[in-house]
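In the two complexes that follow, chain A is the common piece, with chain B as its partner first and chain C second.
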Partner chain A sequence: MSKYKVNLKINNIAISVDEGTTILDAARQLNFKIPTLCHHDDLCVAGNCRVCVVEQKGARLLPASCATPVSEGMEIQTNSLKVRQARKHIVELLLSEHNADCTKCFKNGSCELQEMSNDYRIGDHVFLDLVSEKDKVRDISSPSIEKDDSKCIRCQRCVRTCDNLQAVSALAVTHKGNKMRISTFLDKPMNDVVCTNCGQCINRCPTAALTERNYIDEVFDAIYDPNKFVVVQTAPATRVAIGEEFGMEPGSRVTGKMVTALRRLGFDKVLDTDFTADLTIMEEGTELLTRLKEALVDGKDVALPMLTSCSPGWIKFQEHLYPEYLDNLSTCKSPQQMFGPLAKTYYAEKINKSPADMVVVSIMPCTAKKFEAERPEMRGSGYKDVDFVLTTRELGRMIHQAGIDFEKLEDERYDSILGESTGAAVIFGATGGVMEAALRTAYELVTGREVPFTNLNIKPVRGMEGVKEASVKIKDVKPEWSFLEGVELNVAIAHGLSNAKILMDKVKSGEANYHFIEVMACPSGCIGGGGQPIPTNMEIRKKRAAGIYDEDEAMVIRKSHDNPEVAEIYKSFLHEPLGHKSHDLLHTHYTPRKRH
Partner chain B sequence: MEKQIKKVDLIFGKVDYADILAKSLKRTRDEIILDVIDSGLRGRGGAGFPTGLKWKFAKNEEADQKYVICNADEGEPGTFKDREILTQVPEKVLAGMALCGYCIGASEGYIYLRGEYNFLLPSLYKQIDAFHKKLKELKFDFNIKICSGSGAYVCGEETALMESMEGRRGEPRNKPPFPTQQGYLGKPTSVNNVETLVFALMIGQEGPTKFKELGTFDSRGSKVFSVSGDTPTPGIYELELGMTLEQFVNEFGDGDTKAVQVGGASGFCVARKDFKSTLIGFEGIPTGGSMMLFNSSRSMFNILNDYLEFFEEESCGQCTPCRVGCQQLLKGIEAVKKGVKPPPYLEELQKLSDTMRIASKCGLGQSVPNPFNSIIKNFREEIIY
Partner chain C sequence: MTRIEELVKEQAEKHGRKRTSLMPILQAVVSSEHYLSEEAMLAVAKELDLSTADVYGTASFYTFLDTVPRGKFIIRVCKTITCHMKGKDEVIRTIEDILKIKLGDTTTDGKFSLLQANCLGWCHKGPVMLINDEVYPEVSPEKVSEIINQYLKKG
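Presenting the complex of A and B:
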């Protein structure tokens, strides 16, 4: 449909934009920056903070530019005296209900309210302080997310994130007027509600009202404890995002610098979650083929479609909202939680350390991984498998604290063993990546041939569409897989839990007939994870995804089953996928939870 | 010789509504809408939007469904006239809704009834049943339902009202789109005050002329007033528009009136010295009906304090100027009273209230400055000392 053009003037400059464009976007096209707080490119319009008000010639009121579409002949001033006074007042009002202990704040230097207050040179507060002592008591019940109401400016970005993007609505607006606040069902602690710990709210909170629980000091304590052997693992998505913490472009591939930085921080060994991502493919791929065999050959009532289990936010979502589908979830632990027990058994043995003296730290793009590490079932090694989980942001903070000039670091390589990985593992970081990695391996396992896609790039499962579907026809199979001859393997991929919900409702209604579904809780997959650098938007996530796929193409080995360390661990320790040892160390079970 | 206040009986008089509807249904929608425009009728809830225009906008929208909503969420402090209209002449309200439905092309109507008025439900349901039967006889397809409010003042704001009807928090929407474009359930909707709908019916009966002859150029017709406070004759009166506040006080005051709050808590406070020069109407000070008289025994600080406490609690809380502004105004006058802040702080607060007037999202925050600035201006010394 062709769009009508609307002519208007912004700060006396004429512009013609598509009908329906907001004043804010029209101003952006002219490179006028109008400050915003409640507005976020990923979210629906709210128009409630009013910081973005502008003056419209002939209008009594100052319209909110984020919420007002342009109209023909409109004349807008973005920085008139009236606008400046109103904006200043609004920032002052927000500060009056905000606990402005900036120097002590985790978001000091990266807080949007602080930046705005600085821009407008708000010195002495004119208005009375409205922060209550009660609000200063932080909710630290969740191992993933901290909620500090005294920092909240009620912009409702988190509420819209939790509802629009994630379909969870753990956070909602309660009460009205002076008592209006962002809270949970019946004001329960964050750990007792439907929250999936995805941390998407943190990525979009303009202040420090929502932050990750940080474990930086605990990790430094471990590093400097001479009796502890501290190993660190890094998730696929961190290596294309950590650079942003040092002002580098989103998507910058800084794997080698990150490894160097971790070594300089004092970790005893720098290992890679990508190794266990490859291992996940072996286990999960075998599990899928086993389920298919049981369904097609043995006629068993097997739970299909099989659902991926790498994303702990997605797991908790399922436990709360679709507990009747827990059997469909792959029993594979996430790569992080496969790494933990292997580090404290297989690896500990190899390096001759007692697991009691080992500390496993993970660097994750994720806040839900913090919760996952705390699950009681994650003690396959006999110890807590993963001791501390840090977000990409926390690692950035540690590197800053240690005075390491990240950009200037030389590249170093991961330690071996548990450091070798393939291109199939790194693409776990982007939506569709687990599916692609699984198909690369499963197809070859069954047919003896590589997947029929140019350069192994399975394009139909890539990209930012919310729900993706693909079918792979399996032909000319090896004799032992004859039951799969001619089978059309139907797969689907969702990222962002609202898309996962769409997919699950299709499965539930029987409308869809999939064999295998990949879900990542976060928009765009782990590259858009709740622990990734702030800000986030589609453009940034696309750049990170491009970094991920470049990383894949740059790898010598690009299929999980070709990873020599994976072959070795099956030979000398695990013996076979889904074997007895795997069962003990690499697989898990799930717990139905209530909606509230 | 001063003009006497003229009492009018358009609202509460009994009429043969079925006859009015029957005759109206024989006319074209445009004819009736033109009559309503011509009459000069403006919304009686307080905002005063021309009713005929609203109907015209809603009529001109193309949609498979449209809605008529009767706003009976009468929440403005000091206003109690809609309750009386719904008690005395509910059939006229229903007929006004049907007339609106006919004009804009809606087959469904809702009464959004203030939660505290739920005691009216049994009688209203009875009236609606009888009304539906009458419509059947007239072969006019229009169905009326009632939606009960839950006690939030802000739900009287038409977009918050529709949010509430749709089952969400009562929070005003961004405008545009306006309700006549995308209202209840996203469909074109005309939201009209109880009293407005009855006047529209009366214009349907008698044509625009009789109504137009009453009142002044900008404030045609008559209006139902809720008179309260320091008056020997509190109650509900339908009066011709265009009187001065002096005339009003002469009629209703107790001889010692020092101020009148015109238009409820969100209206303006007029001091004695301005009674003569203040016209009640859209040229002067408009009102949704509330007239609160205060005599010299009243503390204006307490009055303003009460109003601000009300707004602090009844702001929906979504937009910054209203949510935080109301708290600052309230705490601010308390601080000045206690000497924590110096008297010039009142000027800072007045500047703040100017921001609230132009930057708040809806009429609630935009009108808190009305009582604030008018009381501070007229009774500054009572606030400070």
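Presenting the complex of A and C:
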């Protein structure tokens, strides 16, 4: 970026900004908020909704401030009479094609268009009503995502999200003129296309055109059913984000409050996905070492690099777009799906309950987890392993409904068993976390020493860079791992599927030679998940990541293999990683899918 | 490799695999197959490393890039105001009578499709009609029967 400064005036206040800055960003520097709809900090410029128009002295038309760079001597008014009038008309025009059934809408109270319409006191319809022309049939084919074209204002945030951030482009602009809409390949239902269910589009949709399928009522029904024993598990990333649903700062660590809230909602037991995250490390770490042994000692043709399998959006991405690399995916189920079958076998036995009477609910930062729970393979216990998956947002809604004052809650602890976890598990929530947790355990397993990083913090795998690479030299190994002596373990990490694509294309071309790759489908990892509180942007995700790493440092135990409940489950139930029981309950297989 | 995949590959060799190659490739597929099938769009997406929705989005934007099966001869009668005033409705009715199809349909033998088009730029010689790439200006019900009959004989 060039360092030339440009001088201009916004609302008669002089400011000097870097060349290339948009009028919108320059105004923000002066704390003038210009309303936006199609603009999003994570996405490329579109300039199609026009609500951010401003008046430029000497210009005939009102430029869109999000799409216009500043120029020397510019004089801008952000709230002149002309601007106000135009903006009001623009919002009215958008509303003329928006099915504004606000009181019945899932986004009631959190809709950007509604907020804007409220700000500008939009009353009567002054333009021709186009809502009647729109297709009011909602697409509920996907267990994760609901698409309602009658709410769509065609701002294309979703299209840019699916393309810029995820390199999937399941959604595109199709047809033209008044028939223009956001659609899929041949207008197929969402569940029949390449959509990975990551939900990033939902996070950015300003209206309710894209929302998660919500299962709040089903979960309350289960809670109030006296014959059901309802256990809940919470993903790592939820505990640093749920506070935002109650106006708290992004990254606020509210693990204890969340546990209390879940108990007050009436869940019979409050357990932790972090426990199965630790278990994942044991299984996946062993799997990696086994693959390395087969490659280095037995000379077998094993699939390397091994790819992590915790992120269901990433799994579906691979199934559609890189089906030739399905063998490279770890066979480990995600922590959510490891929890389900263990709850309905091991745990059910311990607490003397019939799995048929149990309901397993997950609180996830993720919408793809809803799809994952529906996969036919996910019935290792003989029942549906995870019955309902709720997003962080849905949990926020439940807590609101129950009239619980979240911020004032006391901290409580998870129930035992299946509730104990380590710092290595909580960092699963941030990009690089699975890699760091795996290295903490694998390195120690092989050498008998802790990873050679200060305070166990493996900094090279952390941070928001799209693709991260690191190498760990393994030396002075224990005798049984002698084949790894002197081996340089090459690892890579990607977050956001567009970065995953960059990495996969490197693997495909043979340019890169990695042993182990971590991919999280969502930008910044699960903390930026499609089920997390809205809004999201880099600043918010960085705060959530900081919360995750603070949580890790605050834990007494920081390595998965030191989790006493994990040791116990191997002793009394699973016997060994990759053993027979693990194979039945904790591992899975993948399905090649079509490219569309 | 199917026939369509081969055709797409051949066109990609010719026009390149950049995003800007999309239009000429789609046009080539349409001129050979009369429309873009699901299989064809999948093949193009794969060859150019684009998403299928993206390919469909482009195809659905252009009237001449059909995504539903069309006949060997696609008749397009201009529907805009000048041709309308000069009697395009009678022309359409005549074609419907001869081919026993309605506007928008394709004959069961897959030979003809009857469609309307936006302005073809021949307002001074309306009503105007296109059959594939051939322009027929100043058509009347009589002239149009003659033209269609010639195509019927072509087989």
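Rule of thumb we're sticking to: the second predicted complex is superposed on the first by the 591 of 596 C-alpha atoms of A that agree within 3 Å, B and C clash if a C-alpha of one lies under 4 Å from a C-alpha of the other, contacts with A are read in each partner's own complex, and residues count from 1 in each chain.
FYI, contacts are C-beta pairs under 8 Å (C-beta built on N, C-alpha and C of every residue); 3 or more make two chains touch, one makes a residue touch a chain.
This structure is a prediction, so every number in the text was calculated from the model and none was measured.
When the shared chain is aligned, chain C comes close enough to touch A:V194, but chain B does not. Look at A:S169: by the touch rule set out above, it reaches chain C but stays clear of chain B. Of the two partner chains placed by the overlay, only chain B lies in contact with A:L62; chain C stays clear of it. Counting the residues of chain A that each partner touches, chain B and chain C differ, and the larger count belongs to B. By the touch criterion stated above, A:A500 is placed in contact with neither chain B nor chain C. Touch criterion not met for A:V426: it reaches neither chain B nor chain C.
Contacts of A:V361 after superposition: neither chain B nor chain C is touched. In the superposed model, A:F185 makes contact with chain C only, not with chain B. Legend: residue contacts after superposition of the two complexes on their common chain; A:I76 is shown touching neither chain B nor chain C.
Contact with chain C, but none with chain B, is seen for A:H596 once the two complexes are overlaid on the shared chain.
On chain A, the patch touched by chain B and the patch touched by chain C overlap at residues 173, 175-176. Put simply, chain C touches chain A in their complex at residues 38, 41-42, 45-46, 50-57, 60-61, 67. Residues of chain A touching chain C in their complex: 163, 168-176, 183-186, 193-194, 594-596.
Put simply, chain B touches chain A in their complex at residues 152, 154, 169, 174, 176, 311-321, 323-328, 331-332, 335, 341, 348, 351-352, 355, 358-361, 366.
Those residues of chain A lying in contact with chain B across their complex are 45-51, 53, 60-62, 64, 67-69, 82, 85-86, 89-90, 93-94, 96-97, 126-128, 130, 153-154, 156, 173, 175-180.
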